[in-house]
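Heads up: the structure comes next, in structure tokens.
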Amino acid sequence: MRPEEVKALLTAVQERTTSVDAALRKLQEVPVDDLGFARLDGHRELRQGLPEVIYAEGKTVEQIGTIAGRMLETTTAPVLATRVSPDKAGALRSRFPEADCHATARMVVFRAREPSAMTGDITVVSAGTSDLPVADEAVVTAETFGAQVHHVADSGVAGLHRLLGEQQRLHDSDVVIAVAGMEGALASLVGGISSAPVVAVPTSVGYGASFEGLAALLAMLNTCAAGVVVTNIDNGFGAAMFALRLLRKIHKA
Amino acid sequence: MRPEEVKALLTAVQERTTSVDAALRKLQEVPVDDLGFARLDGHRELRQGLPEVIYAEGKTVEQIGTIAGRMLETTTAPVLATRVSPDKAGALRSRFPEADCHATARMVVFRAREPSAMTGDITVVSAGTSDLPVADEAVVTAETFGAQVHHVADSGVAGLHRLLGEQQRLHDSDVVIAVAGMEGALASLVGGISSAPVVAVPTSVGYGASFEGLAALLAMLNTCAAGVVVTNIDNGFGAAMFALRLLRKIHKA
Amino acid sequence: MRPEEVKALLTAVQERTTSVDAALRKLQEVPVDDLGFARLDGHRELRQGLPEVIYAEGKTVEQIGTIAGRMLETTTAPVLATRVSPDKAGALRSRFPEADCHATARMVVFRAREPSAMTGDITVVSAGTSDLPVADEAVVTAETFGAQVHHVADSGVAGLHRLLGEQQRLHDSDVVIAVAGMEGALASLVGGISSAPVVAVPTSVGYGASFEGLAALLAMLNTCAAGVVVTNIDNGFGAAMFALRLLRKIHKA
Amino acid sequence: MRPEEVKALLTAVQERTTSVDAALRKLQEVPVDDLGFARLDGHRELRQGLPEVIYAEGKTVEQIGTIAGRMLETTTAPVLATRVSPDKAGALRSRFPEADCHATARMVVFRAREPSAMTGDITVVSAGTSDLPVADEAVVTAETFGAQVHHVADSGVAGLHRLLGEQQRLHDSDVVIAVAGMEGALASLVGGISSAPVVAVPTSVGYGASFEGLAALLAMLNTCAAGVVVTNIDNGFGAAMFALRLLRKIHKA
Amino acid sequence: MRPEEVKALLTAVQERTTSVDAALRKLQEVPVDDLGFARLDGHRELRQGLPEVIYAEGKTVEQIGTIAGRMLETTTAPVLATRVSPDKAGALRSRFPEADCHATARMVVFRAREPSAMTGDITVVSAGTSDLPVADEAVVTAETFGAQVHHVADSGVAGLHRLLGEQQRLHDSDVVIAVAGMEGALASLVGGISSAPVVAVPTSVGYGASFEGLAALLAMLNTCAAGVVVTNIDNGFGAAMFALRLLRKIHKA
Amino acid sequence: MRPEEVKALLTAVQERTTSVDAALRKLQEVPVDDLGFARLDGHRELRQGLPEVIYAEGKTVEQIGTIAGRMLETTTAPVLATRVSPDKAGALRSRFPEADCHATARMVVFRAREPSAMTGDITVVSAGTSDLPVADEAVVTAETFGAQVHHVADSGVAGLHRLLGEQQRLHDSDVVIAVAGMEGALASLVGGISSAPVVAVPTSVGYGASFEGLAALLAMLNTCAAGVVVTNIDNGFGAAMFALRLLRKIHKA
Amino acid sequence: MRPEEVKALLTAVQERTTSVDAALRKLQEVPVDDLGFARLDGHRELRQGLPEVIYAEGKTVEQIGTIAGRMLETTTAPVLATRVSPDKAGALRSRFPEADCHATARMVVFRAREPSAMTGDITVVSAGTSDLPVADEAVVTAETFGAQVHHVADSGVAGLHRLLGEQQRLHDSDVVIAVAGMEGALASLVGGISSAPVVAVPTSVGYGASFEGLAALLAMLNTCAAGVVVTNIDNGFGAAMFALRLLRKIHKA
Amino acid sequence: MRPEEVKALLTAVQERTTSVDAALRKLQEVPVDDLGFARLDGHRELRQGLPEVIYAEGKTVEQIGTIAGRMLETTTAPVLATRVSPDKAGALRSRFPEADCHATARMVVFRAREPSAMTGDITVVSAGTSDLPVADEAVVTAETFGAQVHHVADSGVAGLHRLLGEQQRLHDSDVVIAVAGMEGALASLVGGISSAPVVAVPTSVGYGASFEGLAALLAMLNTCAAGVVVTNIDNGFGAAMFALRLLRKIHKA
């Protein structure tokens, strides 16, 4: 509730067009939509600038479907689910035939914005074939909200010269998302040759002493290239959401 | 070296205004200024958009002074040093009387940009008194490069209502930097009530099971507020550098 | 054996109504009921104020059934089993048709106290849908022993305003149990807005750098809200047992 | 602000004894006392039931003195500082001659409640001589707020029979605080022989593989005695604050 | 090869009953029986006092059978395999009908010494039902080599009084093996009430912050009862082997 | 691109046998063969001295087959895949009947160099039967590139005398690869008795506190035998690749 | 209190030579000598077979002196203090001129048993010069209680042949204590060539990835030589206490 | 003792030029020079190819001097000490005026080989000014044994183009040592652009989540450039010793 709204409410009380009790209720009331197992948060778009997204892990197809259905009815925003297993994705598509299933990204998009509805562009750079699920999660999330995304795959540090060929694009993008497992050196490299903000996403790709992504995470946090920040391991979704916050600032500035 | 420059060089070779050997040398040549113990990287501003900064830890006053002196002579960019102990700061001020010493931030600014030389504003939110050195490192770094910074100190999660009073500012800022030790919950809170991009900085403040900042770092990486990214522990400088990359994108778009 | 009992025994020896050998045996004797694979501890209720509970993980249906059967016969206290897989729960219900199976909580209640047999009330606050199994374990445990429980689900830190709506209840409850995974910030929030004792339960919910609940555990141990304590990861049962110890103190004081 | 207060304010607006703008300001206003380097939070006692305490680590004598002075003037609550080094304690006593300095507990009490101002009693059990600073921090904190505290020192698990002699007291106390380093088994023992709520405090005492208290912390979190909860390593203060929350519930019920 | 043997060999060379080359070969020769996938070490019993044991994990039934068969033929020592899955145990019994399969201990004994062939006795104390596999591995191993073993099961620290009833036996045993998961406090308790050498075996039993036995391991290493030593997590076999080394010293002294 | 090649290109530009645009394209052009899901790096052999290898984990049989097929067509170098599951290996052999499948090593060799095409020899020493997959990965990799390999299996530290029998070979080899799990002491032993360069490979073999190879890794990094280096856990492939780099230096020197 | 004593007491009650109240007090009474800051445990020698030892870390010279003085008066057992800094040792020697100060071992022996008062012998093997303080702590502790100790210093794994020269002694000793930091391989070696029980003591010697002794600790726990057990890092004292428990069994059997 | 020597000895026995007892003593005898606190190992050069080096940490000046003096007398090999503090270095130079003290490398060289006495060359690449002590330790060690070393300092990954200028040298060197802290990406870069064997040395340089070099260590172990191996954190000495083993193989082949 913004100050003007509170002021308007108080004025209505003063002018007795609203009773004290009604105003009290209004001040206490929070727009929450309760589905029994999950509360939908209608105010979130206002508050955080982006609508709620369905995290499918640990939810049944029934629960995902109910939430998605309600969101399709009550909002006009994009509706999408992350971490959807192939089984659940199949079941959801029977129920929502118009939904798009992205196998590698493990996502289902029930409703997207128009492509390029949001001005600005994002470059996603990923290191190896095994990093694709995480990179694609970032790509699909950003595209669903209407951003333009360019994906440069298979550009790990061992193939340094490949990356150098994309140097201009890395400078010009509004934001770069660097996705890598193993030693995570890609983030330092991209940070060193680009002037754009770089969001690094460590992945759990690797074996032995990668300790499920810990090696890449620590490496990215310790990058000697100033101006690189980090998300949780395998969190392509989070990187995209951060990039979208940024695009809204850039293109509404 | 940008493509146009290479093309110009090749054309000069073709037109024989440049010899093959001279062109070869030019293609191999890298603009590095060698001081014996450290190489200055004159091209970095072009490449990364921001000049090199002197990391003072483990360097002698003599070394810091020599690098700073050379940078003051050869560039027009801001010149600053981070992690300067009080002793070194004192010694540097005798040599550079015009330098500004920031005690809490442990920084020395040899030359800054004009205040507000850079459009855009940053809000730094910090949790407790003990987090001030890290928060101030972010503030001084950003201001030295000409950004407008607003610092909301002592706003930890235990004082939740304090933070709510700043809700509007947190929405309107171009970027928010949230600095906290202990359980690091401040990042989640700020991410939940703001639509701006949020950069979280864990600090090593806390005792026992904070394990020198590990608790805050893990908490921030796991935030359930989508769109929050993280820097290394105590890395206020890195958060500011990332914010400056954002400001350049936002206000030059 | 309490001092009065020992005194009575000694008096009986003195008065020769008990022989020395019988007294010696009595002093050495411990009321343990041996089932071969597990000893039932009939004295525990006297000693700890709460009867033994069957931890089903790693036990066969046969073993659980035998222990439960013996406890139903020999005591009048509640009899319940935790960490029961769906398979085992089904098999146990065929054998004990009157038992209640709680699927989400993974518990089977063979015999409960009367609802509200114990004065006092507990509020359980949980962060997300994935935290429900742990929260429900706390709820069912407390209710089985006769406590009144109010469960506020899906109230994570990203939905801060939701929690604020429950502020009065959080003050008035005898004890609050806060259940959260990911960054575990819920504990700090609840600790900051409530005057009741707060027991925090970290869950293994989260991915990547949550490291199976370590992130939430460390965050909760480091909370800057004074007066918050912590249980093991996913230990909803333990939090309820602690709360029950407390209720007995409050309502017998 | 409680609902009744908001209702009273709205009624005043309706009755025009308060203007709309004044009411708006009141709703936005937060009672924070700003000292430049730290904000005092006058509402905390209402909100959390206990006033703010000065955490002295990383604060100068000047800062501690200023905060203490202000709190003595503006409140009637106890005023105390924790983690005060001997040097700072000496300096503070010259400025506040009436203050009590507790050397082992590393605390300074500027103003305490009457002894036993708060009904209820706490038993603190500690394992060895090296655990005394942490145990004393709990003792002094609780006593400063008016609780009755009984301290059973040097009762580690190797001296099991010692502890058994205190069994009755451990049953009858409102709450037991168990303080131990090394393997932290004291918490399990106390939890096994007492029916009271038990708060375990791991300490950093030990060498080698105690890893600064990690061994005791993990042991306490994994206790097989149901109904034991844990605080951060060395956090005697936090255990006492939690115990005080309990006492308020128990004796106001 | 013991000094006397070398001397004998040298004398034989001097007396020309052995050629130089034969002596050289003898000095270089190591009694290793090569089966292709595993070398049997016939000298180990001489060297370490106990024969080699078959660690079945990662070996096929075929491989285990071949090794066991060869050992039965070429030695008279006990032959046993540890970590045998139920499937493999079944298959081995068809091939070796006289073998004993111990289900809980996951062991197969192809040939044992006479019961009580070895003077001396071992007491194994274990904490809970879930610790039985590890405790039984110790029991069966020790018995297979002819030791007398007494097993006190289900005697965890929560049931302190149970353990006190066994105090005399714990004093009189040649060695005590204490097996416990969770917080591992059993080792400290046994160490505190017994004068025998105590070998502690942490188990991976527990959930959450037990981190697969790490909590119990650290607790046992940090025990404040002097004279307790520790084996690897779940290593009941290793504890028994160490106990057997002790028995050989005690009863051959 | 080597200096001579650049010089030749520049000369061609000067002599107008190459146009400026063609030269520019050539300078920018990187020889990458794009298969959609993976880019083949034809220049790697020139750059690193060894061709790319197919890491099969996380790739489909289809993808592996396509990459292998393309590499067989476009190069003359060895073509091999690591970490191939038995299922995938079977499927690949139907498609490539001439391929060699190495079950223990989990590798498929599509085309190898002539045996002993590369002068020089490698000794691989491995500790136990469970370490064979990692040791074999090293053996097969090295042999595929034409090196002579001698494998001394089952030579763990408990069988110290076995190792001593191979002392001469360990001195004479160009490089020794020591593969061990558990406590990893084999590396120290080999380092102590050999003058050759020793590459230690920790394996994830062990249970309990081996923590998936961490124990062996740390032990090998801390070896007190100077001149031993370490690869990632289970990385037999990496050790062989390092050995091959070395052989090329030794035999081309 | 042993059964016979309880029986005697009960008989006295029956015979009315002891009153009921006196018997009750006697049963409750624990022979603890309270010095204010530490309770002396006179029964420990009966209970554990060895008297209490003064752990000097964190105790003042005054406290150590008072405890030692009391123990010298009230017992006839050895009196010793461990972890005594050089300063404290000096101060203690002025007060107890007859005390022996062992600088490397950081111990003060106020009263020892006759040398070789206890039959049986211990061999201590240590790896390097830096491990001497820990090894000497074991040596001095064992000798103070009257055991014969042989110390083989500087016998690390790199000097394998050195150790082989001591093979006979390692077989014949009652118990072997192996002290090593860095990679801790000494324990495996000794365990492989000796048939005696081996107690391994990891030390914090090493740098980098030894992580203060963690590397050696894990290696020793994972030794592939069956029959090796481990103490806490740097805990030479604990290893000696275990050895003494063992000697008492061996030579009283 | 090599086979030929043993054969010669046996022949002497046969020919009675050596007695049986003398031969036995010779076989048992190990050339160890005992200085009381440290045993010199005269055979090591034969066994490992390189002589023993004095690790000064934890040794007194007196001890270092005695060892060095003895080594100068009894060998002709280089004599050097590592990890020498400035104080100790000063004291040693007074006693050995001809010794060379290397301040940054913290080394003292008592006697070196002729420069370039050993054919072959090593390139050391280091990332930043703070990594110099570790890099210099490698440089001085290698040079002391007569190798040619080229040091490319201050070439971290942020200054990627700097490194590219050294590409030819990195190809041609016999071995490359890459020294870096922070995220340790330098190793991957060097491994990607060079065909030489690469030894990576992680340093403890960095702050926060570098965890004293753990981040760099893990990154280097996980490098996606095949053919890179790793030493302990800060172990420049170990990398040089390994490189010297390589050089001996390369140039004696």
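Per-chain numbering from 1; labels A, B, C, D, E, F, G and H assigned in written order.
The rule is short, and it goes like this: contacts are C-beta pairs under 8 Å (C-beta built on N, C-alpha and C of every residue); 3 or more make two chains touch, one makes a residue touch a chain.
Just so you know, these numbers come straight off a predicted model, no measurement behind them.
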Matching interface for A-C, options A-F, F-G or F-H, criterion over half of contact pairs identical, gives A-F
Return the chain pair with more inter-chain C-beta contacts, choosing between F-H and G-H.
-> F-H
Would you kindly tell me how far, in whole Å, the mean C-alpha position of chain G lies from that of chain C?
-> 41
Inter-centroid spacing, chain H versus chain D (mean Cα positions, whole Å) = 54
With chain centres taken as the means of their Cα atoms, state the distance from chain D to chain F in Å.
-> 59
Among all residues of chain B, those touching at least two other chains are 3, 28, 158-159, 191-193, 208-210, 214, 217, 221-222, 225, 232-233
Across the complex, what residues on chain C touch chain D?
-> 2-3, 47-50, 53, 120, 168, 174-175, 191-199, 217, 221-222, 225-233, 237-239, 241-242, 244-246, 248-251, 253
If you look only at chain A, which of its residues touch chain F in the complex?
-> 129-130, 132, 153-154, 158-159, 161-162, 164-165, 205, 207-210
Any idea which chain C residues touch chain G in the complex?
-> 3, 6-7, 10-11, 13-14, 16, 20, 23-24, 27-28
Chain H residues touching chain A - in the complex, by the definition given at the top | 127-128, 156-160, 182-185, 187-189, 191-193, 206, 208-211, 214-216, 218-225
Listed in rising order, the residues of chain D that touch chain B in the complex are 28, 30, 32, 37-39, 41, 43-44, 57-59, 63, 202, 204, 212-214, 217, 232-235
